[in-house]
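First the structure, which I've put down as structure tokens, then a few questions once you've had a look.
All chains are identified by letter, namely A, B and C, in their written order; residue positions are counted from 1 within each chain.
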Amino acid sequence: MRRLPAMTATATSARSDLSELGRSETALRTFLHGLPGVDQVGAEQRAAQLGTRSIKTTAKAQAIDLAIRMVDLTTLEGADTPGKVRALAAKALRPDPADPSCPHVGAVCVYPAMVPYVAEVLRGSAVHLASVATAFPSGQAPLEVKLADTRAAVAAGADEIDMVINRGAFLAGRYQEVYDEIVATKEACGDAHLKVILETGELATYDNVRRASWLAMLAGGDFIKTSTGKVPVAATPPVTLVMLEAVRDFRAATGRQVGVKPAGGIRTTKDAIKYLVMVNETVGPDWLDPDWFRFGASSLLNDLLMQRTKLTTGVYAGPDYFTLD
Amino acid sequence: MFEYAPAPESRSVVEIKPSYGLFVDGKFVEPADGGSFKSVNPATEEVLAEIAEAGSGDVDRAVRAARTAYEKVWSPMPGRDRAKYLYRIARIIQERSRELAVLESLDNGKPIKESRDVDLPLVAAHFFYYAGWADKLQHAGFGADPKPLGVAAQVIPWNFPLLMLAWKIAPALAAGNTVVLKPAETTPLTALLFAEICQQADLPPGVVNIVTGAGETGRALVEHPGVDKVAFTGSTEVGRAIARSVAGTRKKLTLELGGKAANIVFDDAPVDQAVEGIVNGIFFNQGHVCCAGSRLLVQESVADRVLESLKRRMAQLRLGDPLDKNTDIGAINSAAQLARIRELSDAGSAEGAERWSPPCELPERGFWFAPTIFTGVTQAHRIAREEIFGPVLSVLTFRTPAEAVEKANNTPYGLSAGIWTDKGSRILWMADRLRAGVVWANTFNKFDPTSPFGGYKESGYGREGGRHGLEAYLNV
Amino acid sequence: MSERVAVRKTYKLYIGGKFPRSESGRSYLVQDANVSLASRKDARDAVVAARAAVKGWAGATAYNRGQILYRVAEMLEGRREQFVALGATADEVDAAIDRWVWYAGWSDKLAQVYGGANPVAGPYFNLSAPEPTGVVAVVAPERPALLGLVSVIAPAIVSGNTVVVAASPAEPLAAITLAEVLATSDLPGGVVNVLTGRIGETAPTLAAHMDVNAVDLTGVADAELAAELEVKAAENLKRVLRPAPADHDWFADPGVTRMTALLETKTVWHPKGV
């Protein structure tokens, strides 16, 4: 009985140690560079091994429905129009109009200017509305502009913000700057959830992916996300593996759970299931939920729907039988 | 929760005959003076086939067939033609790899994902590699005109039945020898299918002979006065007996024996990969691996963290039906091996080490052992000294690199070792001092036909693989 | 003027860089000299000395070992008359000197010739390199006493092994005189240890010794004894060099097999990544 308060105090102080890190560039650097390294070959082999799991029948059906619920149905084109995003939102609510048992997706993800149109459609539903912000995808704008971008998206109805980190600052070792931007953006988000896009395709090494993941989590990110989808290399299984290890270790260290969102390049059911296997065997069932794992994707949804139909009807469907919104 | 549904590989790709004879002089023959024994599926205890047991008369017949083939056909044959036969065999193995993989998993108990993704690709690669040497022996660094030895007697273990066959037969044939090979009595089936592949490749009769049986058959083979070369992979105990039996003869001997490898994890290791390496090091093939990383030496400062990660990772291991594509840990190969693993594990507990296994349901029939680690192990414990040859890891700690080297080398064995650290110069410093034939740094249990494999001290002598592997089969 | 009375030499064992008498106090008469008759205990002491020397000798640079072997040739050159006086022919002494020179040059070439990169099918650095096997027990050929002895010692130690050698019982004086050469050639004590006496007494102890890594039975003429020693060697899986044929030509090109038989190949893997 008497020891309990002391133990709590210890735990609290261990946590507050991490929160202190953001106050000094040196402390951040020391911490991030003190994280265990990642051996590229080993990480890629582990990811490849997980990719050989054979998910069939009931497990596949379960995985497909879960994957549909985890999709952040995304359109991020200069050519997006209110009509296009409304149709996308409608599809998010009822991905397979022919089958009412088909679940809705996790969220719709659009540019800030498109948020009001999507909000109209999604109002009252459980589908979240995500908006990229902070001068997506490059992030090369003054901080004030990025924060204004964020506030505008939230004001227009977004309850999730996908920000980009300043990769230039990160690669140059200006961790404090990256950290401060994330903290400021989180503040600008208010109640909206913040997903921090690391743009792993530009980070060059898995060591950097691990450091950027921790940096984003330390600064208050609710999710860490691989990619904008706008650079040649987007989400890969080993990058996602390293990020999953990071959220696992972060929760162990701080008690706070952070979500993971691989985005870009995930187009098939087979790919999606490999990611779910990876989540299952790396961080466990706590993350097998749309609140903690999302796929940033567009064409993936139709493949999931086709495979779902195949499982329920036994017949392979064709793309003509699914909407192209 | 995300439960994986059963995903069994189909058994129908392989046809197992009710009984098998001996493969002598290109034909399957009935044993003259031997009996028979049964090969069982260790995952179900189902009898797979009745296997001929070769007696000394049968062994003699096989050795004579090999001698004739050596003198009349194989050693006079130009290297380029021997090469073509080996390439042919390699191709047939690739073409029939699914069949061989399923058969290997049925007879041995190893998970299909390993027989499919590790054993079979390496088997084919080994034949491809040595095929290329057959017409280049004069460039192998053993003189201008190295000669084969003659008839090679080869005795192989049950842990990698077809891979060990490939390690033995491919270099022997490339160098111009003929062989009589005895597979292990619990895993003869893929060797017998290999005999069919020899027929399919039109390999001249007598070049490869397969005699099945247990210890007595093996003894008759290695002690046969007509053999020029003995190659054995198996326990140090049997290796010692073979070394005694060839004493005073002209027979050239190479031995791949036991091990008790240290897998050394430093505080600056890439920890997630190190944990994978520890798991792969000891649970690959149920720990039935002579180079298994069966002693984990972890630096004290990170011991708790590494062990916590290791336990979490072990809880993800899937034990069960070897033919299920998602199985990570298959069946223990035999009742006898299971008894040995149990005995040593019980000794570990009795000697005061702390035993831990993840929650793990074992099938009712067949031979099974849950992945197990022992912590609080010291160098004096039996489980730190004796080869368990099962999924059992002994965990010890160290403080300094010098202490790690000292503990790693403090064993009569010297087959392999692992080092995990991000510091390059430390890897090289350690590698120089570890008395082991294979040192894996920031990786473990990697094999390749170009890479020599073999031990120091009581882990045996000679190397298999690479240019070095030819030496065992040449008169140099 | 009376003739000067010569100072005679006492021929003792060579163990750990020192010249002790046999702990047994025994000796036997050869060529008018009392030669130590090594005991089993002397053999065990020699193994301890050889083991203690492994770390330093195997850990020395190949360049350094080569320099020392060449130094042995230089020292031997200066003592050629002494060996001739003991009964060696001039040709034999020349050949023995040249043999040291030949092996000296091998020290920094072995790893290049017998090691190398292996092109494995994956993203790995993979390198094989030869290493000494450790302590080697050698039975030297009966004759030629000097050239035979040099021909078994040099290939063993050039790679970093240390040796305990049982010298020719019939002609041990050359062996002890060679030990004096070694002792003055910067060769660390314990790298070569020389036992004189009966092969039947020392060799079984060495062959059975669990801290010996290899036995070279080159000089064992008795086939039965050779087989018995090989059986003993099996106890800890010693590497075994079988006896040389009686008609072996010690003057011929020695080849590399004596060196390579006493090497271990170590293969190191490491991933290649960023």
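What to note about this one:
The definition used in the following text is that contacts are C-beta pairs under 8 Å (C-beta built on N, C-alpha and C of every residue); 3 or more make two chains touch, one makes a residue touch a chain.
This one's a predicted model, so the numbers in the text were calculated from it and none came from an experiment.
Chains making contact with chain A as well as with chain B: C. Chain closest to the overall centre, judged by the mean of its C-alpha atoms against the mean of all protein C-alpha atoms: B. Greatest Cα centroid separation from chain B: this falls to A.
The chain pair with more C-beta contacts between its two chains, of A-C and B-C, is B-C.
Remark: chain A and chain B have CA centroids separated by 44 Å (rounded to whole angstrom).
Computed from the mean C-alpha positions, the centre of chain A lies at a distance of 68 Å from the centre of chain C.
Computed from the mean C-alpha positions, the centre of chain B lies at a distance of 36 Å from the centre of chain C.
In chain A, the residues that touch at least two other chains are 39, 41-42.
In chain C, the residues touching two or more other chains are 122, 124, 271. Each of the following residues of chain B touches two or more other chains: 442-443.
Of all residues in chain A, only 39-42, 44, 204-205 touch chain C in the complex they form. Of all residues in chain C, only 113-114, 116, 118-122, 124, 126, 128, 133, 213, 223-224, 226-228, 230-231, 233-237, 239-240, 257, 260, 264-271 touch chain B in the complex they form. Only residues 122-124, 271-274 of chain C touch chain A when the two sit together in their complex. Residues of chain A touching chain B in their complex: 36-39, 41-43, 45-46, 52-60, 62-63, 66, 245, 276-277, 280-281, 285, 288.
Of all residues in chain B, those touching chain C in their complex are 125, 141, 236, 239-241, 243-244, 246-248, 255, 257, 412, 427, 431, 436-443, 446, 448, 450-454, 456-461, 463, 466-468, 471, 476.
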